[in-house]
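Paired with subunit B in one complex and with subunit C in the other, subunit A is shared by the two complexes that follow.
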Partner chain A sequence: MLGRLEQLTNIYGVSGDEGRVRKYLKGALDDMGLAHKTDAMGNLIVHKAGKGRRVMVCAHMDEVGMIVRGVLENGLLAYEAAGLDPRVVISKRVAVGRDDVPGVIGAKAIHLQNREEFKRALAHDELYVDIGAKDRADALKYVKPGDRICFTTKFERLGEDIVKAKALDDRVGCAILLELLKNDYECDLWAVFTVQEELGLRGAKAAVWTAAPDVALVLEGTTANDMPKAKEHEYVTRMGHGPAVTFMDGGTVARPRMFKALQQTAKEAGIPYQFRQGSRGGTDGGAINKALDGCVVGGISVGCRYIHSPASLASVSDIQNAYLLAHAFLQTKKFDEVL
Partner chain B sequence: MDTKTLETILTTYGPTGHEDRISSVLRDLVAPYADEVYNDKLGNLIALKRGVSGKKIMLSAHMDQIGLVVVAIDEKGFLRVANVGGVNAPLSAGHQVVFENGTRGAVYFERNEKGVGEVKMNNLFVDIGAESREEAEKLVNVGDMCVFAGRFALMGNRLSCSTLDDRICCAALVEAIQKARSEHDVYYVFTVQEEVGLRGAGTAAYAIEPDLGISLDVTGTGDVPEALPMAVELGKGPTVKVMDSSVIVPPAVRRFMENAAAEAGIPFQREVLRGGGTDTGAVQRTRGGVPAGCISIGTRYIHSPVETCDMRDYENAVKLLCACLERKELPIA
Partner chain C sequence: MDVFEALSAMTTAPGVTGNEARVSEVVRGYFRAYTDDISVDAVGNTYARIGETGPTLLVMAHMDEVGMMVTCIEDNGMLRVRSVAGVDPRVLPGSEVTVHGKREIRAVIGAKPPHLQDSGDEKKAYTADDLVCDTGLSADEVNALVGVGDNVTFRLEPPMKLKNSIVAGKTFDDRACVAVMLEAMDILKSRRLNCRVVFCGSVQEESGGLGASAGGYNVKPDLAVAIDVCHAPTPGTKPFDTVEMDRVSVTTGANIHPKVFDMIKASAEEQNIPWETDVAIGATGTDAWSLQPLLGGIPCGLISLPLRYMHTSVEVISLDTLRNCAKVIAGVAANLGADWEEKLCLDD
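So, the complex of A and B:
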């Protein structure tokens, strides 16, 4: 699974441009001998037909990034960003468009800044991607408006238990879901790798109509704010303390039976877990639980430090235990119990 | 409705997503009058009273209430909380809360330089009388929800309680199912998770496919000192919704309600609610669209522990609802 995660996080797949992630996953599914289909929005869907409840397990393929808005006279690219703090993009290396044109996001050097400028964080519309073009015409040879701009950070192991990568949110979910698909479960399983989650759960909103689930599991990378100046009730999750079980987020309030069933599953299987101790932030679960005539959603997340930035961290043991928890839940068939 | 039943409906625990207990109270109250009673996957309680016309009306009042959810417990046993629905942090400090298992708590705030008015949700804590984390964890756990301890107070014609939004309308549905005569199939739906984004009403409407939706909820008033201008006053009758932030009621549906009120001689007020949505919006946008409207009960101090309404408006809301259900012709939006 870690090998898969390395490959998945190194792929560029900003929201709306998930093609390369999907292609990689299709290859993996083909190798596993699993049939799949891609819907009109680009969601990749695997249906493992079986008896019993319709169960949807999903993870989103897209990652936060930017899009080229236009090219200036001097060849710099103006961009639009979603889900990104402008403070994290400055001085980062990026890749633009299908050809992965290298670029950097620059800002005025410290020598040239006056006191006011020094104190104030720059906004996205004051920052530009520099691809080294002479002028607009030169830049347009390599890029065009609408091209996606992606961070290029490579996967790396840090210390014994930590991985560093871009896009851990939500390639950890994709890697776990792929791993789950190696197993057979006694249910009608719909595995969905969704698109455009970061722009408002757009892929899931469509895919849920195909899967029409009774029960859904959402696999996510979530925030870990276990930092020195944060108070305990502001951590949300702690890296290395096990997968996080959701009681509530911005889009769901877990049905108490589901929340309990996930905890019970973890206890029975001896898997460490923590609570996702926040009430905000959304996942595909928010779109899934209120579609059609409703569905019971459970959230299993891996706490990632520095999420929505070019370099986030996650614990390998958390990722493995998240897999084990999802696997155990599907295996114990608690579906009727949670409905 | 007798005062004791009303008080039970108003004071039974049921924050958003945790509506099982209030659902079972309401179920017992409506079951004797319904042809069918069931809960759906999200927990909506649905009581069907069959008619003969082949048309379906979905009535909805939400049974969830706003509350606080425990996000952490500190080493001294204080609970840290986040809001469930639109809870106002400064208005929460100084009140008592109660958990599903009966555990009581006092809400207060980090008393540093700030005045209570500047308090944010993460400056609040709940003291449940525990002296350590271990002791606290015997009573509550992370993820548990508490609600304001409902102080039910009848003040003349007026009623004050933390849960008028929207249990007063749940009571209205309970009364209506006993009184209304309709030739249509009437689905009395007590919805879940309204306070976090109208989540239950949409899934219920999807399954029911109604020809008409009528939601019942509370609405603001403009009749207290220095209130924001709003032409709704307590005691002047239930309101017929024109719009709120989730819905613009089709004029045909609004007229249907206004005609029903006028013909039955029931006083009513028109309602334009500037902030806040209701299940009406979710019902309206289900499937290919549903003609949907809303009858509201004007309520002061909404989303505070002292919500206050007028029982004459409540009585007339029930009458107006029954008058709507008795009409043969349903509006086409």
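So, the complex of A and C:
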């Protein structure tokens, strides 16, 4: 699973341009002998037909990033961003478009700033991607408006238990879902790798109609804010303390039975878990629980530090335990209990 | 010489101001291709000498880099860091860095996700107090490997090639100009010189020029030319604060001996190299400023390589301009001979 995660996090797949992540996943599914289809929005859907309840398990393929808006006369690229604090893009390497044109995002040198400027953070519309083009015409030989811009951070193992990568939100979910698909479960399983989660759960909103689940499980990379100055109630999750079970996020209030069932499953299987102690930040669950006549959704999250920045961290044991918890939940068939 | 390869090797060697030993070792390795006369002085300046007779020209580019230092280890093992000589904390969130503890440790500078921010937070500039350096290691491991005072650099990774022989990377300020010296030595290896040239990779330029002071004193040159980077235009810069990327910047002003300026200008014009005058009434913020008053006065010149986004991990330069800087300095050395004193006579 970790090898898959390495490959998945190194792929460029900004929201709305998930093709290369999908291509990789399709290849993996082909190797596993699993049929799949891609819907009109780009969601990748695997249906493992079976008896019993319709169960949807999903993870999103897209990652936060930028898109080229246009090129200035001097050859610099203006961009639009989604889900990105402008303060994290300065001084970073990026790849532009499907040709992976190398670029950097710089800022006016500290030496040339006055005191007022120094106190101020730059906004996205004051920052540009530099690909070394001579001028506008030269730049347009290599890139075009609409090209996606992605960070180029490479997956690496830091400590024994910690990995560093971009896009851990939500390639951890993709890696776990792929791993789950190796197993057979007694249900009608709909595994969905969604698109455009970061743009407002757009992929899940569409895919939920196809899967039409009785019960859904969302696998996510979520925030871990276990920082030195933070108070315990501000942690959201803590890295290394097991997968997080969601009671509420920006778009979902977990049904009490589902929330209980996931905890019960963890206890029975002896898997460490924690609560996702925050109510902000949405997941695909928010789209799923409002669809049809209201679907029951549960969330299992891996707490990652510094998500939505070029370099985030996650705990290997959390990822493994998140897989085990999802696996145990699907195995124990608590589907009727939660409805 | 493969200048990109040399830049890669030099920029991936750590050398935060005051700790230049590692980069000095790499620089000496490159010097060895051109001379056996190599030395390191008491403060760490690294010298290579060519030429046997005539006046002594000191060419200096600094080896040190801006970086950070560990100031505190938190209970959970996260590190607090402070700038050493000029890293803007606002470029750090979400950056990968290398902690130089008992071994090199990879780390990231954390940034609070937008989900947890209050509205308006993204408009406030990060200060060093807001930032933590996260190695992903346990507190015990961190305490065994890292101490307060250890250096932290931008991640030691080789530069990247952009379009049009433009490259981006860390620490081109001023390793790109050390590469200029190597290129100049490469040009001069086939020339008969009528002067002595001492190439010096200096230390501690970013913290005020200790290296240049000691280096000037040790070499006692007849004239000196510092090579440093200057600002190239980026959004928001003002005219005359910058020099275009494709031009060699030649400084004039009180820090610069007018005749050394003329020598540099003549060398550029003889070789049809695009150049531009950069004006500084007083301090140039380079080794030339430290060298000038030494030993009763050293005639100084300053050649600069334009660079975008100075003191970030993505400094951008043109390799063509880098080579042109080398041609200009090589031309100055090649033109220098027995008549040097007349050439330096000030016009009254």
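Assume the second predicted complex is superposed on the first by the 339 of 339 C-alpha atoms of A that agree within 3 Å, B and C clash if a C-alpha of one lies under 4 Å from a C-alpha of the other, contacts with A are read in each partner's own complex, and residues count from 1 in each chain.
Simple rule for what comes next: contacts are C-beta pairs under 8 Å (C-beta built on N, C-alpha and C of every residue); 3 or more make two chains touch, one makes a residue touch a chain.
Quick caveat, the model's predicted, so the values are computed rather than measured.
Colleague: Answer with clash or fit: subunit B and subunit C placed together on subunit A by superposition.
Modeller: fit
Colleague: So in the superposed three-chain picture, is A:Met1 touching just subunit B, just subunit C, both, or none of them (first/second/both/neither)?
Modeller: In the superposition, A:Met1 contacts neither subunit B nor subunit C.
Colleague: For A:Leu199 in the superposed arrangement: first (subunit B), second (subunit C), both or neither?
Modeller: neither
Colleague: Going by the touch definition up top, name the partner, subunit B or subunit C, that contacts more of subunit A.
Modeller: Of subunit B and subunit C, C contacts more residues of subunit A.
Colleague: After the superposition on chain A, what angle is formed at the C-alpha centre of subunit A by the C-alpha centres of subunit B and subunit C, rounded to the nearest 10 degrees?
Modeller: 130
Colleague: Could you say whether A:Asp130 touches subunit B, subunit C, both of them, or neither, answering first, second, both or neither?
Modeller: It touches subunit C, and subunit B stays clear.
Colleague: If we overlay the two complexes on their shared chain A, which of subunit B and subunit C does A:Val253 touch? Say first, second, both or neither.
Modeller: In the superposed model, A:Val253 contacts subunit B only, not subunit C.
Colleague: Between subunit B and subunit C, whom does A:Gly278 touch in the aligned arrangement: first, second, both, or neither?
Modeller: In the superposed model, A:Gly278 contacts both subunit B and subunit C.
Colleague: Of the partners subunit B and subunit C, which touch A:Leu34 in the superposed model: first, second, both, neither?
Modeller: The answer is neither, since A:Leu34 touches no partner chain.
Colleague: Under the stated touch criterion, which partner chain does A:Val296 make contact with: subunit B (first), subunit C (second), both, or neither?
Modeller: first
Colleague: In the superposition described above, what is the shortest C-alpha distance between subunit B and subunit C in Å? Please give a whole number.
Modeller: Nearest C-alpha atoms of the two chains are 11 Å apart.
Colleague: Name the residues of subunit A shared by its contacts with subunit B and its contacts with subunit C.
Modeller: 234, 278, 280
Colleague: Give every residue of subunit A touching subunit C within the complex, in rising order.
Modeller: These residues of subunit A touch subunit C: 74, 76, 83-93, 101-112, 118-123, 126, 128, 130-134, 138, 142, 153, 156, 158-159, 161-162, 164, 223, 225-228, 234, 236, 250, 278, 280-281, 305-313.
Colleague: Under the definition above, what is the set of subunit C residues touching subunit A in their complex?
Modeller: 74-76, 78, 86, 88, 90-96, 106-108, 110-117, 122-126, 132, 134-138, 141, 160-164, 166-168, 231, 233-238, 241, 285, 308-316
Colleague: Give every residue of subunit A touching subunit B within the complex, in rising order.
Modeller: Checking each residue of subunit A against subunit B gives 214, 231-235, 247-248, 251, 253-256, 259, 275, 277-280, 289-296, 339.
Colleague: List the residues on subunit B that touch subunit A in their complex, please.
Modeller: 16-18, 20, 40-44, 69, 71-72, 74, 80, 82-84, 122, 142-143, 193, 196-197, 199-200, 202-204, 206-207
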